[in-house]
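First subunit A sits with subunit B, and in the next complex the same chain sits with subunit C.
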Partner chain A sequence: MRRYFGRKLFTYTLTFFIAATIDWLIPRFMPGDPVAGLMAKQGGLSPEGAAALAQYYNNLFGLDRSMPEQFINFWIALLHGDLGRSVYVHGRPVTEAIMGAIPYTLALLIPAILLSWWAGNSFGALAARRKWLDNTVLPIGYILTATPYMWLGLVLAFVLGFSLRIFPLSGGYGFNLEPALTWRFFTDLVAHWMMPFLSLFMVMFGGWAIGMRNMIIYELESDYSRYLEALGAPQGLVRKYAFHNAMLPQITGLALQLGVIVAGSLVTEIVFSYPGIGMLLFNAIKSEDYFLLQGIFLFIIIGTLLANFVVDIVYIMVDPRTRVGMRGGTA
Partner chain B sequence: MTGTLNADTKMESVSGSPTNEPTALPAKKASGEFLYFAVRSKKFLVALGILIVLIGIGIFGPIIDATDPVAQNGIAMQPPTADPGNWFGTTYFGEDVFAQFANGLRATFFVGLLGGGLAALIGMAVGFIAGYFGGWLDEILNMVTNVFLVIPTLALLLVIASYLPSSWRGVPFEAIFIGLTSWPWAARAVRAQTFSLRTRDFVDLAKLSGRRGWKVIATEIAPNMSSYLFLTFILLFGGAILIGASLDFIGLGPHEGMTLGLMMYNAVTWAALNLGIWWWFIPPGLGIMATVGALYVMNVGLDEIFNPKLRDI
Partner chain C sequence: MEMGKSRVIALLAVASIVASACSSSTATPTTGATTGPGASTAVVPNAAPSATGLPVTDSTVYPRAETLYTTGKQWGPPSTWNPLDAGNYATGTLGLQYETLFMYDPLKDVYTPWLAESGTWDSAKTTYTIKVRSGVKWSDGSAFTSADVAFSILAAKNPALGSNLWTTGGVTAADATDASTVVVKFTNPAYQEWGQWLYNSAIVPKAVFEAKNTADILKFTNANGVGTGPYTYKTAAADRMVWVKNPNWWATAALKLDVKPKYIVDIVNSSNNVALGQLLQGGVDLSNNYFPGVKSIVDGGYGVTTYFAGVPYMLGGNTATLIPNTTKKPLDDPAFRKALATAIDTNDIVTKVYGSIVTVADPTGLLPNFSKYVDVAQDTALGFSFDTAKAKSMLAAAGYKAGSDGFVTNKDGSAIKLTLEVPDGWSDWMQAESSIAASAAKAGIKIDPQHPDFNTVVLNRNRPDATTAPKFDLQINNDVQIGNTPWTWYDYVFRSPLPFGTSENRNYEGYKNADAWALVQKLDNTPVENVAAMKTITSALQKIQLTDMPVIPLWYNGIWAQMNNTVWTGWPSDKGNQVLPATWNGYWNMGAVLMLTQITAVPPAK
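Entry: the complex of A and B
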């Protein structure tokens, strides 16, 4: 087990190092010059003024140092939690802006992931090889799972928010409220949370239900199931064994899916102007706030790595083979 | 990897449990048998029909109705009517929604084909090399694959796309970048399959006859998992479409031309939701959903055609 964890930790550390390095490399080696972009916004500069301003910017961002020096400085700042300052949030530190948005994103993602995984797997297992259920669940599952997250969000917002006026259309809480520990604020928060949660939940549900349904069919076709049946074991018992074995790939699937799920939550937040990481990202792109954008990238990576690690731990608890043979697992 | 929700979980079910090895059939006999089951598979036929209609709109729509998708010359916010010039209505700026839809569909298939195709090529190359040659080459490639598997594709694309100078921001570049970043799970799947095939007798025989590694892969291993490779490509195709749409929707789409994701981005930016212009954002999402959904259903249909164990006949 120690070897298994050691390997995982090494992969994750390496991933973080590579991701952060890419984050550092891109602005420096992409065609086009961010400083030139900033200068273009000023306009009406004399040649000397432009030169002075370019020098100022290069000095400000430390771009006038040598590359290795810039790289080391980047890591020193990163390990101190300093990701620079954001233009979009009026010069406040990037870390602060991101920390303010993270609770909203987590409040959406964690319940949506866990509930859809549970509901989808139970439903998919129930539907497999049962004609009537299979014929209804399968098409619905495929439609849901092929739906772009933002579009389902738009449809929900249009039907439930615009036409029926059940839930508020946008924002994290009402414009007439201040965050406070009151019942009124809490209910308002939940009302705003409902639609983005629903759209994330529904798309993911479809994927899990189909995945589980297909896995169960494979398991029911395999030799051990046939053998159990031949021994005269009741259907329920055979399905129970099949379900246990089909669970493992679904856990691995969750780890593989994290990237997609994160992307889904980003676009869903944009649809509902929900004040999480996705909305912050949208605004960072609109206002060309590169520090904020790069900070968000790193936070997404850290979040995904942590989630992967949690999945690994769950996998070890569920699959005894990983404890004994130190094999299997996700990455 | 967007939408690979489906892709990944399904890829596993396609590959099945590790014990489920690809079926090796003589090529001639197999193709006839596959055709026999293909014309009897409802899933395959329905999905193929939907895809043909959508591809038809993408190819011929912009030719028949040559309206410029971004020309603001209609009446603004016109709901869809029976009038043939206006069946999809117009946007907030009086642009023709059908022209945008048809051009967007074309771009969508282009992104799927180029992005998905590139990802399939890289994934297969990495998977074959790692799985067949093994050793330190496998260790290195596997590590690289695992690292890029964990990094969310969209997050990586965001940073790249935001620094691209605007003259570079077009549909082809988007497709290439998607292809370069969404291959890892395919590499892993192909590696696992290659691994299970490389110890078979017919591969040993080919090796004994003195054929080189690449030749063995091309003549013995790849043909015996061709159905599997094709299914991988279909899932990558669908995944690339969904990633492209998300990228456009976040606001990093192409500066010129029209895509389905860009239509939704514009609709949200210009408050189509608050104005109730549903005909602006319903068609693009429906187009993506129909395309990707049809691809996934086709994938399952083909899986049943290729794998006798799954046939419900």
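Entry: the complex of A and C
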């Protein structure tokens, strides 16, 4: 057990170090000087004053040091939870900007991932056994899973937001409201959340449903199922075994999909101007805010690694063979 | 079981948004009830408990009829309310919350005393005496005095604020001699820049800012600060800035001015289609975004109006200028630059790219509000206008012969291929760039339009050091905004010695002319009321500019303003209230605050 986690932890740490280093390097390879860009947007300053201000910004962003020094400072700051300062939010800490956006993204991602995974797998398993479900859910699933998140988002926005006016088109909550612990604010928040959630949920739902349906059919056709059937085991028991075995690739699939899902949620947020990490990333790119970009990527890296780690643990709990493997036995 | 878990998680996630949204708003004090007389009167009437026993939450809901929605200024989350952080403060920080000594109206060229009752030069014109307005109170109830004004002038000494008031500006002392008088002493006063300071720089409370006046003054974000203006801080989020009316605003009694909206919600720009949707659906009352196809928006029956009912729809706010790199062949040759200016069909840009919401710039580059400084006879004689045939003959006369491909070559026979850069994503400028290339090609000048990202444009433009030439050939730039003095434009064109490095913001073309720079300095040292002397100097500067053509003025970029009349009406227009309809930095104090006193709420339809 300890060796297994030790190995995993080492791999994750190494991955993190390499990813974070690349993340640090990329903005520094980009052409242009972010401070010069910032200064050019100031306007109206006297040249003498502009020079003083440029000096201030270089110091604020830590750009007045040598590259190796900047790299070491980056890691020291990172270990203190400091991701530097953002150009897009005018010199405020990057962590502040990211922390403000995280709740929105998590509130979209976590329910969308878990609900779609649960619902997709349940429907898929069901469809494998019911002809009429198979004939209806499957084609819909194929269409949904082939749909890009943002395109479905645009369709939803047009139908539910623009034509039917059921849900608001954009934003996290209404511009006429202030956050408060009131029913009105809560319902407004949920109304704004609904469409981005649906566009993520529906696409993922399709994918899981198809995957599960195929897996179940495969498992029911496999030798152990036939053997169980031949032994006269009840149908329910056979299906239970088939379901458990079909589940494993789906968990692996979830781990593999996480990166794609995060990317999808980013695009979805942009479609709905939903104030999460994706919107922040979009704005960071638009304002060429390398520090914020770096911070967001780092957040995505950490998030994806963490989620993978969780899936690893879940796998141990679900698949007895992993447990056996950890004790040094062979399955 | 699993379904139950997922539901719980989903609910938790939603709850976490609520919690974070609430906590983020409490991090910056917003409840108002505890701070400032303005905020408390706004909240108190609603504080009575409702029938259900829960507090009525009206202070967190802005009634549509009392709220003005604006957009177009803020490109990032509001993050500082420090009016001394001139480039970054949230929409309205200067103008709505903080005020200036004077208000300046570029349309009428008039300074109106604002926080000052008067400002006068002595006979030697080296001492400026400010009479501070009496009866003004800060929003925390404390009295506004001459000490605040003197401190605000003194704060400009702080290098972090990027002001040259105390260096080339000529200020040597600023003292509050009594509770209502501030005496500012100068040597070699830069009158033009002082005139700008008077209407452009915030007067801040000494009690709050004195302790912050260090090298880190820009790190002071001043959320929910103490101001004198018609509005106070209500709340802010990543996508909005909300102001609430200050019921004790001094101008209500002193100048009989009353701002109509109780709340102003400024929405952070997202994308143009979202902004346009908000404007057309009436979710936004005033949009300072650039939209293509303004004619169809105005004619579309959405209740949207602009400053002019027809062409050009918008007022001009700055001059889009073609900057040639005058240190490179063949752009170092004035004859070539003049031929290039003559070869560009600016009218094509105005009509095809902009749909006539901009106008062709005067060859002098001076904005329409400075037309009185244009030496018309000289302008007509020396100026340029689009004429392909003339451009060809000018090139031939200057010794640029056509090569085998039909494009002119350098005098040594080498090919000419000029790059023209504008930032990627600036769609109107990208189209303009193609138009310029097309019309220049007809005259035989080969231009290759490019659009690298903004930072690369800046990188190519800036001189790395005082002697190294920048990389670019041609760029379009519009750094100089409308204001009180033509000096700003000439400083921009002729600045000497050449600025360089990250902070370079003048004389991008690298043009050196000692006579011109001496004239620019002389203009700066001419009192703003001495229009005759200013005209003499600007005429001489125009002669140099039109002869040497260091930059090529193209068109007047507009003060983009689309006003929806569904909820609020009485917007600025050439027929009615003639003020600048803009929420951008520096515009509130150029008269846009008056717009808030002129608009009226439309009674709800029966």
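Quick note on the criterion: the second predicted complex is superposed on the first by the 281 of 331 C-alpha atoms of A that agree within 3 Å, B and C clash if a C-alpha of one lies under 4 Å from a C-alpha of the other, contacts with A are read in each partner's own complex, and residues count from 1 in each chain.
Simple rule for what comes next: contacts are C-beta pairs under 8 Å (C-beta built on N, C-alpha and C of every residue); 3 or more make two chains touch, one makes a residue touch a chain.
Since this is a predicted model, take the numbers as computed values, not measurements.
In the superposition on chain A, contact of A:Arg184 is made with subunit C only, not with subunit B. Judged by the touch definition given at the top, the superposed model places A:Tyr218 against subunit B, while subunit C stays out of reach. In the superposition on chain A, A:Gln70 contacts neither subunit B nor subunit C. In the overlay built on the shared chain, the residue A:Ala52 is in contact with subunit C alone; subunit B does not reach it.
Of the two partner chains placed by superposition, only subunit C is touched by A:Phe175; subunit B is not.
In the superposed model, A:Val203 lies in contact with subunit B only, and not with subunit C. Legend: residue contacts after superposition of the two complexes on their common chain; A:Ala19 is shown touching subunit B, with no touch to subunit C. Where the contact sets of subunit A with subunit B and with subunit C meet, they give residues 30-32, 34, 169, 286, 288. Those residues of subunit A whose C-beta lies close enough to touch subunit B in the complex are 11-12, 14-15, 18-19, 22-23, 26-27, 30-32, 34, 142-143, 145-152, 154-155, 157-158, 161-162, 169, 203-204, 206-208, 210-211, 214-215, 217-219, 221-222, 245, 249-250, 252-253, 256-264, 266-267, 270-271, 281-282, 285-286, 288, 290, 293-294, 297, 300-301, 304-305, 308, 331. Residues 30-37, 39-54, 56, 58, 88-92, 97, 100-104, 106-108, 110-111, 114-115, 118, 169-173, 175-182, 184-186, 189-190, 193, 273, 275, 280, 283, 286-288 of subunit A are the ones that touch subunit C when the two sit in their complex.
Listing the residues of subunit C that touch subunit A in their complex gives 2-3, 5-6, 9-10, 13-14, 16-22, 24-25, 30, 54, 57, 59-64, 67, 69, 75-77, 79-80, 85-88, 159-164, 167-168, 193, 200, 215, 218-219, 221, 234-235, 237-240, 242, 265, 267, 270-271, 274, 277, 283, 425, 452-456, 458-459, 462, 479, 481, 495, 499, 501-506, 586. On the side of subunit B, the complex with subunit A involves touching residues 1-6, 8-10, 12-13, 16-17, 19-20, 143, 146-147, 149-156, 158-160, 162-165, 168, 185, 238, 242-243, 245-246, 249-252, 261, 264, 267-268, 273-274, 276, 278, 281-282, 284-286, 288-293, 295-297, 300, 309-310.
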